[in-house]
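There are structures below to look over.
Shared chain: chain A. Partners: chain B in the first complex, chain C in the second.
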Partner chain A sequence: MTEEKVKPFKVEEPLRIARLDPTFKGEIMEEPNAELIKYCFQCGTCTGSCIATRFENNFNPRRIIKAALLGLKELVLSSDVLWICTLCYQCSERCPQGVKISEFMEVLRHLAVKYGYIHPSLRLQAEAILRSGRVYEDEDTANVMREDVSLPPALSVDMDEVSKILNRTGISNILLREEGDR
Partner chain B sequence: MMEKTQNGVLIIGGGIAGIQASLDLAEQGLKVYLVEKSPSIGGVMAQLDKTFPTLDCSACILTPKMVEVKLSENIELLTYSEVEEVSGKAGDFKVKILKKPRYVNEEVCTGCDICSQRCPIEAPNEFDLGLQPRKAIYLPFPQAVPNTYTIDKNYCIECGLCKGVCRVGAIDYDQQPTILEIEVGSIIIATGFEIFDANLKEEYGYHLDNVITGLELERLINASGPTGGHVIRLSDGNLPKRVAFLQCVGSRDEKVGNLYCSRVCCMYAIKQAVLIKEHEEDTDITIYNMDIRAFGKGFEEFYQRAMSEEFGTKFVRGRVGELFEIPETGNIRIRAENTDTGEFTEEEFDLVVLSVGLIPCKDAKALQELLGIQQDEDGFFTGENPELLSTKSSVEGIFIAGVVEGPKDIPDSVAQAGGAAIKASVVAVKGGET
Partner chain C sequence: MKYAFFPGCTAPFRTYGYEVSTRLVAKQLDIELMSMEGSNCCGFAVRPIDKLSSIVLAARNFCLAEKMALDICVICNGCYENFIVARNGLLTDPKLRREVNDILSEIDMEFTESVEIKHFARILFEEVGISKIKESVVSPLEGLRVAVHYGCHVLKPSYELGFSDWENPRWLDQLVEVTGAKSMPYVDKMACCGGPIMGSAMDLATNMIRDKLIKIKSVNVDAIVTICPFCALQFDLTQLGAEKKFNETYRIPLFHYPQLLGIAQGLDPFDLGFFENRVNVSTALEKVGIIF
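Entry: the complex of A and B
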């Protein structure tokens, strides 16, 4: 892991109401399981239960829900912290209001990608898959390691098939679009 | 209109609500049958140390009322008894009551305690929540009414020692259950509540020695309780220097199916924090809460006082995520977010108190079937118009009072009991609707 600090995730006060997007919450709640966030009463059980928070204090699920409900679309979707959640479901398990927080975090990730916000580390991985069909591209080193444990060499990747799948998911377009933007 | 012979009133449950309703009706000159399933009346209030927000001694308020019940000529007190069958209708209920055998003759037992001193068998003491033992022949607590001993046949080995020492020949191992049939005009249900089973919130570690419930704390801090009023850690008997309270354990929690607020836990936790401070001044106390509901008369002032320099209780707005024990010390570490600052916190405490909520009494379902009255979605009893007539059940002539109708504190239980008594007396005197 890099030593880079995660940017603090904070709702700045005073809130500028004109910058809030009232439709954002609706957009989230259209996704399966995410409609329950409207029941959040900000008790902090999720954050208190969170393993990721223990290591990265800037990851605070309660705050992310609050910001999303307020309509701080850009702050939420562009934030690095979205990608810190380990999806362990502890918060969903304990939330007294039955909010499915892990599921909600996944929805936010989908929306972030949809709007072109992908964490740089994940973009590198996606690009690698797009290029070679593998996350770990150094085939020779991999094969040496496989040989050590008596595994046959890795099968070659059928890039036509991989491309087909990736096109279906839409990820190729998103990555290309991003490149164009830059 | 034809003159009807006046019928009495049956009251089921002898907690503070049932006691108050009985006294109010007896004072009006009505015949009252008070049925209590345990060996003594008193209910949960008898187990409490002090009451919020005035810090009055609970037993000092309750005990005279209990004695008054016993002395009243109009009240027939049926303890260790249960209602078996109810038929008829408002104005004319026929009721069968089962008197369970105490194996001690109530008429002659003087409550001298010699039997219990001789009894060689120990059993968990329900009144002290198992924090100390009692004998197999026992009085639930010193102020019990009636002052009659009971043999617990689950533990008694019939060694005959108690029988041998009893000077009035009250012990009767062969006592049989008896059925009493009565007719009453109306019925009041005041069967109270249970506390939420803290084991259901696994992440709050109730299985650990130094995690206790608020009701256990009431016993520990009571001068006549198992530790003579010392709040100790169950792991090593030491006095805790850092105590945490966790609010809303089993209340306002979809995960355990209780969406409602239990109404008393905020105030009892604050009360207990103040009491601990009064006992041991140098204790640090933190109350983890979602918000403090101090809605009653004098409650807000009490809350402010607890926060003030005088008592210095710390309030953290944040529902606890989880806690765990440090095996070497038995101390407890609590993980929570302080939502005021957004900080994730992990703090160490010597003792943790779970402010457990109130849930419907064990017999709610059975009573519902017996009497045909309606329960709300949480299992408390309710009538058609709870917003206007909280004392009225869904069955004509049957009324409800106290926590059996919904979580509430002692003053509210007493007020509701007074209301139920008036309603019940009208039906008993005038008869039901024809």
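Entry: the complex of A and C
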């Protein structure tokens, strides 16, 4: 089996000021729950606490925060590593500055989505929910298995209602976005 | 005791043994689990893409439970965390609440704070209580050594879920030990199983579970016990993937907690859906005198 390679997440040094987007920090701060990030003093407790980092050193929360605050917008938003966080909250719990880092990773994901960088697996999941109101759709197979263990058939989702509310949130438009869109 | 039962997406579609054993154990303890007709995904799955959609999906489920005048019982840590984070958001952010209620008015629903969210394992610990569970145990699982895995989202974020003992909790170990089994300490017990990235980074998820399995194997246990269908899939299904990928053998059976309690209550392992578990459970069951 070949290992999927994660694209390296590297801040090129020396930093070229011209490559930094000074507006990115402001854009981040506009997102809900993002403002706490200004208290980050780069101690690295997050990375030290991170389980995923042990197995994939391209995923390094401290480095991602640094790159984001420097304004390396393209690097951060297009990067594979944004989708590696398991959202285990170990970093958020341990941050000495009270920064909610897992939540900040979600903020960066939302910004990535805004610019059309949607991880394919999450796109598939969201499409399933738009179609059927839940992640798994093969009710017939599941019901055969469920009968084996004497479980009643899986409940049906009221898609009429679910479609009505999801039409209002505009999630289908979000899914239409492509890389580089605004 | 009566709850609106929200099994989520993963349990009813991927871990049948978990759902069926939950229902059987609940019956033993006089917990009524009522179906939530028409309910939808908890919202966790769309949260990385659109937070508003995830909260709206959660809120619709709250409204369904409110119509039943019941609190919600979940059996998935992901549903648990997403529901509570969504509910906290609606309770503390009036603008968000107005926005969500405006959308829900489309289907004649409105979020109110009446419905609370409980995890089945927490209901057992807090509402039923260890002593009543002990009374229900008829064949203690003496000599069975198990590795307990809580799963992140039943403990964290502690500031949202309201627990103080997220780093070294004991309640699930107590729930295990009341069955007569012994909860064995192991290195990195509180580490994430990798479940949430099974979709986006399967290789990494496999490496993460392999590490946990090696550490669990080193303390020589008969089974792993979980209370989340996602963690369970990692320990059970991905265990087989990791064996193949690394050409190693772990063969540590996975028990959903209600299955463990169920056999201690004298329920039939066949009824508890043990045959649905991927890693063979017969050696572990033999240890407590059950031929399966």
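As a convention for this text, the second predicted complex is superposed on the first by the 169 of 182 C-alpha atoms of A that agree within 3 Å, B and C clash if a C-alpha of one lies under 4 Å from a C-alpha of the other, contacts with A are read in each partner's own complex, and residues count from 1 in each chain.
The definition used in the following text is that contacts are C-beta pairs under 8 Å (C-beta built on N, C-alpha and C of every residue); 3 or more make two chains touch, one makes a residue touch a chain.
Since the model is a prediction, treat every value here as computed from it, not as a measurement.
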item: Joint occupancy of chain A by chain B and chain C, clash or fit; value: fit
item: Superposition-derived comparison: chain B or chain C, residues of chain A touched; value: C
item: Partner chain in contact with A:6 - chain B first, chain C second, else both or neither; value: second
item: Touched partner set for A:63, first chain B, second chain C, both or neither; value: first
item: Touching partner for A:118 - first (chain B), second (chain C), both, neither; value: second
item: Partner chain in contact with A:146 - chain B first, chain C second, else both or neither; value: second
item: Contacts of A:44 with chain B and chain C, given as first, second, both or neither; value: first
item: Partner chain(s) touched by A:136 [first = chain B, second = chain C, both, neither]; value: second
item: Angular separation of chain B and chain C about chain A, which is computed from CA centres of the superposed model and rounded to the nearest 10 °; value: 80
item: Which of chain B and chain C A:53 touches, first, second, both or neither; value: first
item: Partner chain(s) touched by A:158 [first = chain B, second = chain C, both, neither]; value: second
item: Nearest Cα pair across chain B and chain C, whole Å; value: 8
item: Overlap of the chain B and chain C footprints on chain A, listed as residue numbers; value: 54, 93
item: Chain A to chain B touching residues, read off their complex; value: 10, 41-50, 53-54, 57, 60, 62-63, 93-98
item: Footprint of chain C on chain A - complex, ascending; value: 1, 3-4, 6, 32, 51-52, 54-56, 83-90, 92-93, 100, 102-103, 106, 109-110, 113, 118-119, 121-126, 128-129, 133-136, 138, 142, 145-146, 148-152, 154-158, 161-162, 164-166, 168-171, 174-175
item: Contact footprint of chain A on chain C as seen in their complex; value: 9-10, 12-14, 16-17, 19-20, 23, 35-41, 45-53, 56-57, 60, 103-104, 106-107, 152-153, 156-158, 166-167, 188, 191-192, 194-197, 199-204, 207-208, 211, 244-245, 271, 273, 276
item: Of chain B, residues touching chain A in the complex; value: 203, 248, 252-255, 290, 317-322, 335-339, 342-344, 346
